[in-house]
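Following this line, the structures themselves.
Each of the next two complexes has subunit A plus one other chain: subunit B in the first, subunit C in the second.
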Partner chain A sequence: MLDGLLDGYTRSILIFTGIHIIAAYSFYVPFKTGQVSLGQAGFMAVGAYAAGILTVKFGLPFPVGLLVGGLVTAVIGVCVGFPALRIKGIYLLLLTLAFAEIVQVVILTWEYTGGAQGFQGIPFNKYTLEYVYVIVVLLIIFFARLERSSLGRAMDSIHEDEAAAEVMGIDVVRVKLLAFGLGAFIAGLAGVLFAHHTTYVDQVSFSILLGIEILMFAVVGGCTTYWGPAVGAAVLTLLPELLRTLRDFLELVPLSWTDFFPMNRIYDFMYEFLDFENEKRLIVYGVILILMMIVRPQGLITRDTLRPLQFLQQRTGHV
Partner chain B sequence: MSEAGNSISLRADKLTKRFGGFYALKDFDMDVAKGDIHAVIGPNGAGKTTFFNLVTGMLPADSGRITFEDEAIDDPRPSRRTMRGIARTFQNIRLFGQMTVLENVMLGRHCRAYLSLWKALRNTVLHRPLGEAEEEREMRGHALEILDFLGLSDERHAKATDLSHGKQRKLELARALATDPRLLLLDEPAAGMNPHETEELDDVICSVRDRGITIILVEHDMNLVMGISDRVTVLNFGTKIAEGAPKEIQDDPTVIEAYLGEDVSL
Partner chain C sequence: MIYQQLINGLMLGASYSLVAIGYTLIFGVLGLLYFAHGEVFMVGAFVGLYLVIHAGANIYMALLGATIATACLGVFAVFAAVRPVSKDYPLAPLISTIGLTIVLQNIATYIFGGQTVAFPETIESILFHFGPVTISSVQIFTLAVAIVLMVLLWLFIENTKMGRAIRATAENHETAALLGVNVNRVVLVTFILASAIAGIAGVLDGVKNSAISPFMGLQVAIKGLVVMLLGGLGNVRGAMVAGILLGMIEILTAAYLGSSMRDFFTFAILILILLYRPTGLFGTRTIEER
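Up next, the complex of A and B:
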């Protein structure tokens, strides 16, 4: 559909932005009930491998893989959610981290899906871009409705005061499990889309680092409204790309300005530094995170940020 | 209240709770008659709030039984007890501060509007985009009615933490009422209220009782307690030292000595 409009590079950037937005939302759902998970990358891996098995080994079409991959991940999510019910804060963080680590080991040792060689030959899905953004839009609609629904309020109340919510008749156990399962489902979708875009996944694709990145998307964007994770994921994914274009500007600097001693070194350093690929973008993330924690710990987007836009949702539960 | 055997709302039977070697509550027996305002008084640390925590399931009892309307309450989960019809307010106000007044009350209604979580999820996902689900409308209507009853309707869109202390206490009451309780536990509802607000509270509690809700009241304000209670139980160091009508309690020498101090007259 958008084939003629976008070149491969832009397309790829947009796809990864979208997948990161979906992943950030997968973090947001359990977070809404006060559960902080570092294991969302693990859930993405589960989705990717589950769908990969279906499409590679059984030759099923992509949509089936997407749906089943998501559902399988949701089931695993609920299973992980059970032990997670009893623990909070840093211990929950460690539990989800341990889950992601277990997934890594399973990926590495399971010969059926290639083991350490990685899962190869996953069919390329031509319409990943469309799939990704349809899902992003559906998720935004879902979260907009969740925020105004009783279920959303129940989740918020658990985040604020779990004991009080329970006494008010909220079945905290079920709501938390549902949130965890839903988060896993969404992460699973992100994983399936990722795998069928790159056509190759291994344990490095879903490392702990990705889990931390997902956490950062949500934290930087802000988790008090549903716009936060999307904005955070978009900003953090696009920023390194924008910084990379700074290199093109660097090339415009006349040679005569920089061909003597200190300047040539500085120029070379800058040129190298601005090549934000893979690991290097974490430098930018680190700086942003430190600045954010000092200047705006509540995240980029808060309810107050959205207040000027409130006319768009006049009907939001006002009487 | 049709049959004589049915007139007990809550019965505590040899209820005991220990924290280490300290007995917060020891072999505590109590019967609360339906439709009564039953006050539980006692010095700080006497076990009043512990009693509430045991009844609502926030703490597990070490031994003893609680019977609600002739049925033992076994399920330890507080939400199940709320579903059965027991609601409470908190001594240290525990409202959901990020939500509005109306949302707080609607939250209390959640357990009645949605018996299954799937329905709540389905309504979130599938209900037509314009207009709201029937359950949500019912919740809002009911919540507004309660806010109206307690005189909080004007503040319904204010953030809960922006209310004055007295109104926050009222909102706690509103939220508890939204769960449709048959037994309501009020933990120091008058704490931090000025005399005018306390007087108002007096009327509110009575009109809640007139709605057919049994009330257990923990309170330090003796004027309030003696004025509205049908029965008073006095606790000291986790054991019951007296029980009776307010008049009897006021004249009981053990109560006066143990709790009120010797030269206080009521």
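Up next, the complex of A and C:
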């Protein structure tokens, strides 16, 4: 559909941005009930491998793989969610980290899906871009509805104070498990989309680093509103790519402006400095990350940021 | 065979212990999961390498240089990524230290390239045979340094005024501050101590394995976390013992069950501990929900 409009590079960037947004939402759902997970990459791996088995070994079409991959991941998510009920905070962080590491070991040792060689020959899905953004839009609509539903408010109250929520008659166990399973389901979808875009996955694709990145997306974007994870994922995915293009902007400066003494030195220095093709790009990325946390520890998007937009909702009557 | 494996496990465990001590000190004092700690370890190894190759330093100079460099890095970390970040948002300091991790890792990659670098031989390798067990002089040296360090640290924490301040802050931030402990200074000293120890551990690791890479930090960081939990969060002595225990478990599972089972076992143990003994193997004081 959009083939004619976008070149391969832009298309690929957009796809990864979308997948990261979905992954960030998968972190956001359990976080809404106060559960911090470092293991979302593990759930992505489960989804990717489950769907890969269906499409590669059984030759089923992609939509079936997408749905079943997500559901299998949701079941695994509830299984992980059960022990996770007992613990919180840093302990839960470590539990989900351990889960992700165990998934890595399973990937590495399971010969059926290629073991250490990785899972090869996954069919390429031409419409990944469309799938990804349809899912992103559906998720945003879902979260917009969730925020004003009784379930969403139950989640928020568990986040604020679990004991009080329990006293108010909220079934804490059910809501927390639901949130964990739903988060896993969304992560599974992201994994399936990822696998059928790259056509090859191995344990490195879903390393613990990815889990850390997903947490970063959501926290940098801000987890108090449902717009935060999407904005965080988009900013952090596009930022390294934008740094890459800074030098192109410099080249737009006319030669006559920089032809004389102080300017040509400055130009050369800037040109050298903006060489962000290599590790320097990631160094700058890390520095920006630290600065963001100093300036906005609550995340880029908060309820206050969205306040100026409220009149839009008032006019349409959804207050 | 089993004795040899136990010795190897002891070697591996000693470096886990050194890293985990730093983690647990920082966690105790700040309640912060200091993600960049593995990278401090990596930086220590690379400073050592640089001194040995380009300055012709011997192993003692390399250790000293790495200690100073990583101690400075600890100070830098406090002022750049810990103190300016608000503590009201528990995940913000975690992210800022992850940012520091990315920065350090990529500076190392930028300077030294992304490959594994050989660490030159700095200690003459002599093999000693004790019955069925063979130990090299390198192993003895690294183990000795690790043990001396741990003993010194233990004495420092138990017997000095600063050590007592660290323990008091770990017990309760506010109370310690009320009782006249300069919490900011305690945090700074803790970071210096933890980073210096991790730096030494990095050099020792380079000497022992004769190869280092800019990506070695993450694995060490994760193993350090596991050890910290096994020993009980904030428990320094627990971290020492648990590190050696984990090293032995890993070497034994790798030897008898295959090397791919090594991580599986480690993390299965982690999950069991989390569920049944969240205060760690040695039953320390309960840490309230953080």
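Operating definition for what follows: the second predicted complex is superposed on the first by the 276 of 319 C-alpha atoms of A that agree within 3 Å, B and C clash if a C-alpha of one lies under 4 Å from a C-alpha of the other, contacts with A are read in each partner's own complex, and residues count from 1 in each chain.
Here is the rule we go by: a contact is a pair of C-beta atoms (placed from the backbone, for glycine too) under 8 Å apart; a residue touches a chain by one contact, two chains touch by 3 or more.
Computed from a prediction, not measured in an experiment: that's the story for all the values here.
If you count the residues of subunit A touched by subunit B and by subunit C, you find the higher number for C. In the overlay built on the shared chain, the residue A:V167 is in contact with subunit B alone; subunit C does not reach it. In the superposed model, A:S256 makes contact with neither subunit B nor subunit C.
In the superposition on chain A, contact is made by A:I208 with subunit C only, not with subunit B. In the superposition on the C-alpha atoms of chain A, no part of subunit A is touched by subunit B in one complex and by subunit C in the other.
Interface residues of subunit A facing subunit C in the complex, by the touch rule stated above, are 36, 83, 86-91, 93-95, 97-99, 101-102, 104-105, 108-109, 208-209, 212, 215-216, 219-220, 278-280, 282-283, 285-290, 292-294, 297-298. Of all the residues in subunit C, the ones that touch subunit A in their complex are 27, 33, 35, 80-81, 84-86, 88-89, 91-96, 98-103, 105-107, 109-110, 218, 222, 225-226, 229, 233, 260-261, 263-264, 266-268, 270-271, 274-275, 278, 289-290. Residues of subunit B touching subunit A in their complex: 56, 58, 77-79, 82-83, 87-88, 90, 94-99, 102-103, 106-108, 110-114, 117, 120-121, 123-125, 127, 130, 132-133, 135-136, 139-140, 144, 156-157, 175-176, 179.
Chain contact summary for the complex, subunit A toward subunit B: residues 142, 145-146, 149-154, 156-157, 160-161, 163-175, 178, 224, 315, 317-319.
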